[in-house]
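Letters are used for the chains, namely A, B, C, D, E and F, taken in the order the chains are written, and counting of residues starts over at 1 for each.
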Amino acid sequence: MLNLAAIDKIILNALEEDSLYGDVSSEMIFDENDRCSGKFIAKEKGIFAGADVLKRVFQLLDDSVDLKMHIHEGAHVESGDLIATIEGLTRPILRGERIALNLVQRMSGIATLTNCYVKEIESFNCRVVDTRKTSPGLRIIEKLAVRIGGGYNHRFNLSDAVMIKDNHIKAAGGIKKALEKVKLTCPHTMKVEVEIESLEDLESAIENGADIVMLDNMSLEDMTRAVDDCNGRVILEASGNVSLETIRQIAETGVDVISCGKLTHSVSALDISLKF
Amino acid sequence: MLNLAAIDKIILNALEEDSLYGDVSSEMIFDENDRCSGKFIAKEKGIFAGADVLKRVFQLLDDSVDLKMHIHEGAHVESGDLIATIEGLTRPILRGERIALNLVQRMSGIATLTNCYVKEIESFNCRVVDTRKTSPGLRIIEKLAVRIGGGYNHRFNLSDAVMIKDNHIKAAGGIKKALEKVKLTCPHTMKVEVEIESLEDLESAIENGADIVMLDNMSLEDMTRAVDDCNGRVILEASGNVSLETIRQIAETGVDVISCGKLTHSVSALDISLKF
Amino acid sequence: MLNLAAIDKIILNALEEDSLYGDVSSEMIFDENDRCSGKFIAKEKGIFAGADVLKRVFQLLDDSVDLKMHIHEGAHVESGDLIATIEGLTRPILRGERIALNLVQRMSGIATLTNCYVKEIESFNCRVVDTRKTSPGLRIIEKLAVRIGGGYNHRFNLSDAVMIKDNHIKAAGGIKKALEKVKLTCPHTMKVEVEIESLEDLESAIENGADIVMLDNMSLEDMTRAVDDCNGRVILEASGNVSLETIRQIAETGVDVISCGKLTHSVSALDISLKF
Amino acid sequence: MLNLAAIDKIILNALEEDSLYGDVSSEMIFDENDRCSGKFIAKEKGIFAGADVLKRVFQLLDDSVDLKMHIHEGAHVESGDLIATIEGLTRPILRGERIALNLVQRMSGIATLTNCYVKEIESFNCRVVDTRKTSPGLRIIEKLAVRIGGGYNHRFNLSDAVMIKDNHIKAAGGIKKALEKVKLTCPHTMKVEVEIESLEDLESAIENGADIVMLDNMSLEDMTRAVDDCNGRVILEASGNVSLETIRQIAETGVDVISCGKLTHSVSALDISLKF
Amino acid sequence: MLNLAAIDKIILNALEEDSLYGDVSSEMIFDENDRCSGKFIAKEKGIFAGADVLKRVFQLLDDSVDLKMHIHEGAHVESGDLIATIEGLTRPILRGERIALNLVQRMSGIATLTNCYVKEIESFNCRVVDTRKTSPGLRIIEKLAVRIGGGYNHRFNLSDAVMIKDNHIKAAGGIKKALEKVKLTCPHTMKVEVEIESLEDLESAIENGADIVMLDNMSLEDMTRAVDDCNGRVILEASGNVSLETIRQIAETGVDVISCGKLTHSVSALDISLKF
Amino acid sequence: MLNLAAIDKIILNALEEDSLYGDVSSEMIFDENDRCSGKFIAKEKGIFAGADVLKRVFQLLDDSVDLKMHIHEGAHVESGDLIATIEGLTRPILRGERIALNLVQRMSGIATLTNCYVKEIESFNCRVVDTRKTSPGLRIIEKLAVRIGGGYNHRFNLSDAVMIKDNHIKAAGGIKKALEKVKLTCPHTMKVEVEIESLEDLESAIENGADIVMLDNMSLEDMTRAVDDCNGRVILEASGNVSLETIRQIAETGVDVISCGKLTHSVSALDISLKF
């Protein structure tokens, strides 16, 4: 499910940033034909994510580097677990090391965090989804990491679904008028989500054709009532103040989807190292 | 101290990722000439970083957008503080909103975290420095955020300083031979850092011309002895297991520099929002 | 509704293709400061499309060129009508002339053709929509031209909506299984369209959660029955063998949407010229 | 005769446009290792063009895809004829399908149309040539398609030959002065073409060193006289109002070259499909 | 006669190479608003070339920098002559200084050297022309510098004129067959040059339609006879072993054009400096 | 020690410049499958540089081309020496010929010239180093050529070392203040060089922490005194008016490093040709 062109762009950009004029240390010490081998080892507990990215970094630097995965994408790892082995020319391996680790540590951090949220609500028929609060330039792999961790994706960007927010509603003169305006040009293949801040707006959004209603920063009581009122007519998405402490209660309200910016904007890298 | 060409590349890349085919919602609701104004407000306490980036996002989208900073780069903010006001055409402002916030929230998160480390050791003559463990593609602004937070930068990438690690030393046949090999081609304008894991290697590194010695994962006792043995002949850098809990004790050993990956690889975004 | 970054890429690409090393003729004849003025005139009847593109070509070449539109985007023009006047430095105007004409002639050709289809079925509650059969690299302006001509857009590309075709269904083992598989990872913000070739498959697609059903190359009778059977539960899209001769009959069946590749893959440029 | 770098740019641009974030449908349904095979079939009569482009699309997506041509570039096809077979991984094949078809259908449409013009005048010693009225960004493959259809190319762009038009002549103060100005800097390797609108200008153009004279929108009588007057001293090119109805009469005047914008700006795609 | 898009690419590429992550020295010393002024002074005698490039470097870095030319493009300068004055923000001026000097020193070096060749043969009706032996990536400005120095350009690249060399002739089976093959597809707008190494081939090249014949490394006697034999029927170009010592004798043979690789591949930069 | 990404960019840029729309001559004459073989021969005496670049040009055009080096990088060649043999498809070989020669001739010219300077001072413990006066866009291969010729590199660009010049010193209010300002933010991994014009400034530069002092345009006497005064405390670099005539005398003063712009800005290409 990995899109090579977009991933390659991320990797090449990172390599340019990290070694535009080469790895001067390794060029001074190692001969062109020196070889080495090493092991990628988990140094803490979590969900590993980024197998394809890991392979691709070294493939782009030198397609003769041999990288063998020892666990599958999305596997639970404990500290000390062997993730992958690598063997090949020393120079490209050292040049790719930091980039590869930066990428898979971040992806694994996201997958691990997402999985904590998913675990909290696994007994509910409710999705954990990401947001557009991703690291600029890395959205495609961060959204992939969310899926690997058991979460789901929200819209990818501003171009692929309609989201009517507060200021859209005000400008149009109400939810009804906003949705009418949207329908004038909205492709029949595109969904429309409306963000509401009070229960009163729910019926208007549903009646005027919203596909999804986002309950923004609502109390648990209001969300419960919204679920009742809605009765399955549209998808209900809860948003705002979602944390590991609150997500279970939110899921109990019966909403279909809970979106959470923390999955991608406030993540600790999962510690992984390459040992030679 | 902002390099526009590199920053522009980051912003344009983020805009392409987030709205390659436009912001469909705003194009359906707002007319080309609709205008709006808003306020960037801090929603938690921290150090603000990213003033130039904030301005540049909107300048690239529409150079008639008027963004006025109300605080200076690196200012301490409390929840509720006004950071900046914005006024202009609605479409470009909404299109840049998420990108701008993603960037300054991350930069401010880094500056805030860095400042905590800096505060811990401000009574010592010792620097907090970053590493190459940055978000791929965002290194230039993350390293800028570290400086804004009161930290210092380590080398920017693999091309601008020599770093002799464990595997370089093994391959060369010892520290002495590695440094001799480096001197054969190393530009006279470039520094050489040697990473050592035990005290025995310190003298060899100093005698053979290292400019900086990195004490990797050493005990506090060993670091203290290293400072004594070195006696100011080279710069001593401590690295490994640096956290808010440990940094003060490390500084007490007398090392010159403490490098810390967490400053950039495990950061919580500082909460900032744009209110219309 | 024009996305400058994507449009600029098209224009700059065209300029590079047409004059990478300059316009040798004009550089030999005209001085740098020579000025001229001219008129863009319609030379046949149709719908004009591309006002923003027209302006942008010259703005990118020399932002002091003065281009004034005399008609609005989407206006009906007759042979001889004045579309726009232009005044400025001769060299950039001559260099942009052919690119500008190539773009607006094609856009106007598409808008004109689309409008013929739209006119044919304007008494029905049915949309004319485009397809992905666009000129490679020009999709964004060709889909814009369809909207200007009164049509609507289908999905923009393979990434923004799910389309389950014949071979997807076969591989999954039936429509039911295909839709179940899709639901496992499909974002809640994305619609799912299923292409069916016989009436039997309609119920299965609707029951298993399709948002849109495409009736591929069906007879008018079958389409009429599909509309009855569906009874408004999903959006019905007719596709295949759509021409100016057949579109009215197809609309009479009651389908919601008719998609037509000819709108973009087989178009005559609308004749427009620049007279000095 | 295909220039890979320029062709690759067109294909990669088209792939980015059509699937920047992947083919979500196929990723949901097909496993990474699923394979398929299919046939490219002509669905109407014409000249096939684009064999190298067809191969290259899939090679760029996955170089293990096996595409075998069953006809040669420029072959006449009838409806139902097998053009090529394809076998390989399903995901890259489906992802490339539409792009490949969009490209070869357009190229074949141009080759087919060009061939009609060429056939009309095959008994004359006269060339059918294209113009710069091509789809922006696709000129290199559209001009290739013209050659495959039996036509010839005019200049590729504004940089590779001198073309003196009406406004150049006016600005210079007559044909003589314009040609004198051109000769001051014109490389000895570059030809000079002069566009004239009346017979009186022919002699001046020839005497002052034009290599080619374009007879713009002249009557058949004037063109016939121009051929007589010229008597082989320069190449005569007829331009303006060239259609399938008029081209034979124009060729009868004895001109050497007839240029025709319709070959590329008003083309119907040749119907070709990929059947699995 | 400067093509901004191509020139900008050269300048931006040079800036990226020279200061991708900024000018660290100036950022440490100068404030953002510090201003300075300076003078571009010739430090040796020659022809100045590159006025537009000089302006454009600073314009791209900061369009408020004020650069005033004191001499015109192509002027003869003596050591000490004032070329231009500059005034503006210090940081962008220092950042562009080296790039600007590298470019105009090279261009002026080429113009100066070209002018020496031109002067040698100014009494003859014979052109000095350049070759494709230019610095990779800088061809457009090096060919511009040749023109500024009084020389003329040969073909720009492999795409814009036909050049039949030794190995083409061998492969085709002789000059006659090579030229016949060329005529099968050569656009009527493109010239054909044939390179010959002995006098015997001259007649064959002329009779079979060459526009230009290159006399490759021929003796002065043979060139003189070639001029006689040719008698103005084609353009004769002398090539090989052209130096300041030999060019006058070559011109005396009566050839029309003398091409010389040294104009661009072996040039001393003209010494120019920026004094604050 | 070659950085493929940066080298590839140079080569692809050169190929685009030289044959964006192909090599029309070879496409007219040679079939796609025609093959040829040739020899790269030195035509004058010097140091060969550019083996990896030579291979890479053809590899990028067609990875089946077989290029065999007959000498090693940095070898001394005499006129007539065989450098490499090449065998493969004719079209890509002819298309790459000029680019390959332009690159290796320039690199070999630089290596040859550098080697002359190095030879002059080989009995001294003194380095010949390059400057930033390189051909814009080609710095990485020109600096590589300097190393191949036995010289050393100065800083690569404005981002990787601090250089305090005259105007920095003035702006800061003296050397002491400038160095204090630098230390406020200068990474501990970066060296600081100070340029001085008179002996008086030497002590101040050394005492305030400069790593390198550049003696700019000083007399031999002053340089000798500077070496005495410095007594090994910092690296001393001589700069200004360095030529083959003066370098030996400069080395005799005892400076550590002599930098010389001529190595890269005023070079004659080493004559090399490809014979079929």
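Just so it is clear, a residue touches a chain if its C-beta (ideal position, glycine included) is under 8 Å from a C-beta of that chain, and two chains touch if they have at least 3 such contacts.
Everything quoted here is computed from the prediction, not taken from an experiment.
Each step here moves to a touching chain, and the least such steps from subunit C to subunit F number 2. At the interface between subunit A and subunit D, under half of the residue numbers appear on both sides, which makes the contact a different-residue one. When the interfaces A-B and B-F are ranked by how many C-beta pairs touch across them, A-B comes first. Distance from the centre of subunit B peaks at D, each centre being the average of the chain's Cα atoms.
Farthest chain from subunit A (centres taken as the mean of C-alpha atoms): E.
Per-chain CA centroids place subunit D at a distance of 45 Å from subunit F.
Subunit C has its Cα centroid 32 Å from the Cα centroid of subunit A.
Each chain gets one centre point, the mean of its Cα atoms, and the points for subunit E and subunit F are 23 Å apart.
Residue positions of subunit A with contacts to 2 or more other chains are 19-22, 140, 156, 159-161, 185, 190. Inter-chain contacts occur between A-B, A-C, A-D, A-F, B-C, B-E, B-F, C-D, C-E, D-E, D-F, E-F.
Residues 10-11, 13-14, 17-26, 28-30, 34, 36, 90, 94-95, 98-99, 101-103, 105-106, 109, 132-140, 157-168, 171-172, 178, 181-182, 184-186, 190, 261, 265-269, 276 of subunit D touch subunit C in their complex. The residues of subunit E lying in touch with subunit C in their complex are 1, 3, 5-6, 140, 156. Residues 127, 129, 147, 152-156, 159-161, 185, 187-191, 193, 212, 235, 237, 256-257 of subunit D are the ones touching subunit E in the complex. Only residues 12, 15-16, 19-22, 27 of subunit B touch subunit C when the two sit together in their complex.
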